[in-house]
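Here's the structure, in structure tokens; my notes come after.
Chain naming follows the written order as A, B and C, and within any one chain the residues start at number 1.
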Amino acid sequence: METAEEITKEAAVIETVSEEKVKYTVETEGLTVSFKGREAINDINIKIRANTVTSIIGPSGCGKSTFLRSLNFMHDLTPGAKVKGTIKIHNKNIDEYDMTEVRRRVGMVFQKPNPFPTMNIYDNVVAGIIMNKGKKRNELNEIVEQSLELAGLWEEVKDRLKVSAMALSGGQQQRLCIARTLAVNPEIILFDEPTSALDPISTSKIEETLFHLKNKYTIVIVTHNMQQAARVSDYTAYFFLGKLIEYARTRTIFTSPREKLTEDYVTGRFG
Amino acid sequence: MEDYYLKVSKGHTDRRKLKSRLMIILCYVAAAMAILPLLYIFFYTTMQGASSLNIDFFTELPKPVGESGGGMANAILGTLILVALGSVIGIPVGIFAGIYITEYSKSIFANVIKFVTDVLSGIPSIIIGIFAYGLIVIPMKSFSAYAGGFALGVLMIPTITRITEEMLKLVPHSLREAALALGIPRWKTTLRIVLRTAQSGIITGVLLAIARAAGETAPLLFTSFGNSFWSTSLDSPMASIPVQIFNYAISPYDEWHSKAWAGAFVLISLVFIVSLIVRLATRNKFSQTA
Amino acid sequence: MNTKTTVEIKEIKARKKLSDLFFENLTLVFALMIIGLVVFIIYEMFMDSKLSREIFGFGFIFSQDWNPVKDKFGALTFVYGTLISSIIALAISLPVSIGVAVYLSELAANVFKTAISFLIEILAAIPSIVYGFWGIFVLAPFMRTTVQPFLQSTLGFLPIFQGNAVGFGLLTAGIILAIMVTPIITAITRDVLKAIPTSQREAAYALGATKWEAIKMALLNAKGGILGATVLGLGRAVGETMAVTMVIGNKAQIKASLFEPSYSMASVIANEFAEASGGLHISSLIEVGLILFAVTFIINSFARLLIYSFTRKTEAK
């Protein structure tokens, strides 16, 4: 029987061999983000593979969310924020794209569910589509059903699509937000601690959804819950004090990490 | 924090307790003193006004001295027209300026504009009247509804700007982020999502501004001036309820006084109803975002 | 593992859509209109008062003349009237407002709190003309028949309470202004008291303070904000037109007695502007307006400075 070390070495070999054939949807080089002069993340170099779930872990304040939000220009909203380095989406530099185009193709689900309060469930799901380009009614109905189905919410709300979004529970609202993001047909979906505000049952429902989504999308999820990272992701990146310490297959990170800092964190010695 | 020296002997403590009770009672008295004039004004105006109020008030034109009857129909129409004119200026400028201050608050202009809006809100309304006089009455060589409407509009701007700013600030940042993350352009996010969410609050603010403008007298005294006859032409003098009340109130005729009371009653009823609406509407708004 | 980057890092700037830029500039245009308005107002006041400024110069402010027939004008009477009526207003309003604010923030039960603060709001919204009207027919007679005789019989040795008690004059104007200014001072004082954390009050009680002593401490802490509220109220009182015009008596004179009719800056403009005789008369009225504008501007800026620095202090704590 192979030891853990041997398996890891094997995996590393396999990876280096097929390096050229691998599709990366998101790549960053030297990514540095600072707020009013203070650096939040520094020199992040990472390559995220297509159709995988990558989780970003690390103690509070290590820069996980900052990294995530730089991938879809969210820092544009923050006064005093400077984003430096290179970010590539599908091998093209991010600033060669139209900003709103980037945001449509790179979707984001936030920590606290934020459906639009003045709209009902149906309108929430199609909000992104209607505002981006007009589509016919029957097309919309189809999209609504597909998105809610994929988000794991269809069965629960199919009879009350015209009910206000605020009438749903926290877990349902979050799945609604996922459906809303799916409706605009992104390629990459970023999740910023999506279940930290939810109860265990909603959490497991959403983790199930993540598993199904992997086939069509590339997923990056920030989580402070290591068990969640171990459950849902293929790759894991460990951030600490604004630096990327280690990035490898999830199994490797949790069973035989290369860096001592990583080991200290995943074994619970601190953080 | 100031040092607080406490006297500890019992006699002193008794005196302190007595003083405390006394001062507290004085506070209750103060509250009564503040409310009493209000209640009295309301009561008195209602008594005097409601009794003079009849259908004629709303439908008839003012009659010359000596003749009984008549009403303030032209003044009511005039106020409606003047406030409408004012809204044409006040509402767009106020709302857009409020949007700029809130949504683009990073820019250098934003703070300057906030300060200047505060300055504008502190300018006495009679000065605004002088401004409108020089700007419109002089070139037109006559008093007009345009001048009066313009003055009211300028008065409305700071109120509407401030309320728009406050209501937009109440919209949680996460909604903007959610919309932008979907690829919705910034301007659509602001108009269709943020503004819509703040809608009810802004509307109540606008109602408040309109009600206040309807009661303004000073800036109209030498802009729209006043008119004893029925007039809908915007480039001639126009009657308005407050100015009519003023003219009647300082006259020596009892007939006219009672008409003025009726007008005053109409004004305070308007104020009361709008204040009530605003209170009820903002109560719901706060429980929604809580 | 994270490899070190050796190439130079440059900033990533998002490309703004044209429609976003258009919208941002559109709203900016409207916002700049406000600046334009204020600048234009100042400019116009300056230009239209040129005639009187050139003829009377600086002495305009200190001259008691006001004679449209002889074309001699001076603003001192009106400055005096505005000043005295506003001071009277603040003297009456300040203790009452603080009392109400304390009542609303510390003493009142919830039901009364909402009801009374709602009533105060309405007090603030009543049009000036209604106050003035009520002043003519209710307050002035009351002053003439009851209050002024009382004051004369008890404190008549004071020059401010001597003279003819007709009911229309500085004192009546001051009282009406006091009623109108109370809601503002109350509202801000109340907000300012709310901003002081309960932990400070609890600390006072824990030391054995009486209820009033704890309140007094909170008030002392809030004194910057309360001062700001008062100055703001002063600004409002100075600019108030209709209510004052209807009860101040409209006589351009400076007398020691508070019972005597007087004239305020806003009132003289309100009364004489529409039928002003000749360019110099109008120009002088506008110069009075310019002085009024300058006074309110200084007062309001000072008030905002006070409130701003007070808010900064409490936030820093």
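Following the convention adopted for this analysis, a contact is a pair of C-beta atoms (placed from the backbone, for glycine too) under 8 Å apart; a residue touches a chain by one contact, two chains touch by 3 or more.
Since this is a predicted model, take the numbers as computed values, not measurements.
*Asks:* Mind having a look at which chain is the central one, using mean CA positions?
*Replies:* Chain nearest the centroid of all protein C-alpha atoms: B.
*Asks:* With contacts counted as defined, which of the two, B-C or A-C, has more C-beta pairs across the interface?
*Replies:* Higher contact count goes to B-C.
*Asks:* Averaged over CA atoms, how far is the centre of chain A from the centre of chain B? Could you give it in whole Å?
*Replies:* Whole-Å distance between the two chain centres: 49.
*Asks:* Centroid of chain B to centroid of chain C, CA atoms only: how many Å?
*Replies:* 16
*Asks:* Whole-Å distance, chain A centre to chain C centre, using C-alpha means?
*Replies:* Inter-chain centre distance comes to 55 Å.
*Asks:* Going by the contact rule already set, what residues in chain B reach two or more other chains?
*Replies:* Residues 185 of chain B each touch two or more of the other chains.
*Asks:* Of all residues in chain A, which are in touch with two or more distinct other chains?
*Replies:* 100, 102
*Asks:* Show the residues in chain C shared as contacts by 2 or more other chains, in ascending order.
*Replies:* Within chain C, the residues that touch at least two other chains are 17.
*Asks:* Of all residues in chain B, which touch chain A in the complex?
*Replies:* 105-106, 172-185, 188, 192-193, 196-197, 199, 288
*Asks:* Which bits of chain C are touching chain B when the two form their complex?
*Replies:* Within the complex, chain C contacts chain B at residues 17, 19-20, 22-24, 26-28, 30-35, 37-38, 40-41, 44-45, 48, 95-100, 102-104, 107-108, 116, 118-123, 125-134, 136-138, 179, 182, 186, 200, 204, 207-213, 215, 217, 220-221, 235, 238-242, 246, 266, 269-270, 273-274, 286, 289, 292-293, 296-297, 300-301, 304.
*Asks:* Across the complex, what residues on chain A touch chain B?
*Replies:* Going through chain A, the ones touching chain B are 72, 74, 77, 79, 100-105, 107-108, 110, 112, 114-118, 127-128, 131-132, 177, 180-181, 184.
*Asks:* Could you list, by residue number, the parts of chain B that touch chain C in their complex?
*Replies:* It comes out as residues 1-2, 4, 6, 16-17, 19-21, 23-24, 26-31, 33-35, 37-41, 44-45, 92-93, 96-97, 99-101, 103-104, 107, 109, 112-113, 116-120, 122-131, 133-135, 154, 157-158, 161, 185-187, 190-191, 208, 211-212, 215-218, 221-222, 225, 242, 245-246, 249-250, 257, 260-261, 264, 267-268, 271-272, 274-275, 279.
*Asks:* Quick one: in the complex, what on chain A touches chain C?
*Replies:* The touching residues are 29-30, 32, 43-46, 73, 76, 82-87, 94-95, 97-100, 102, 243-248, 258-259.
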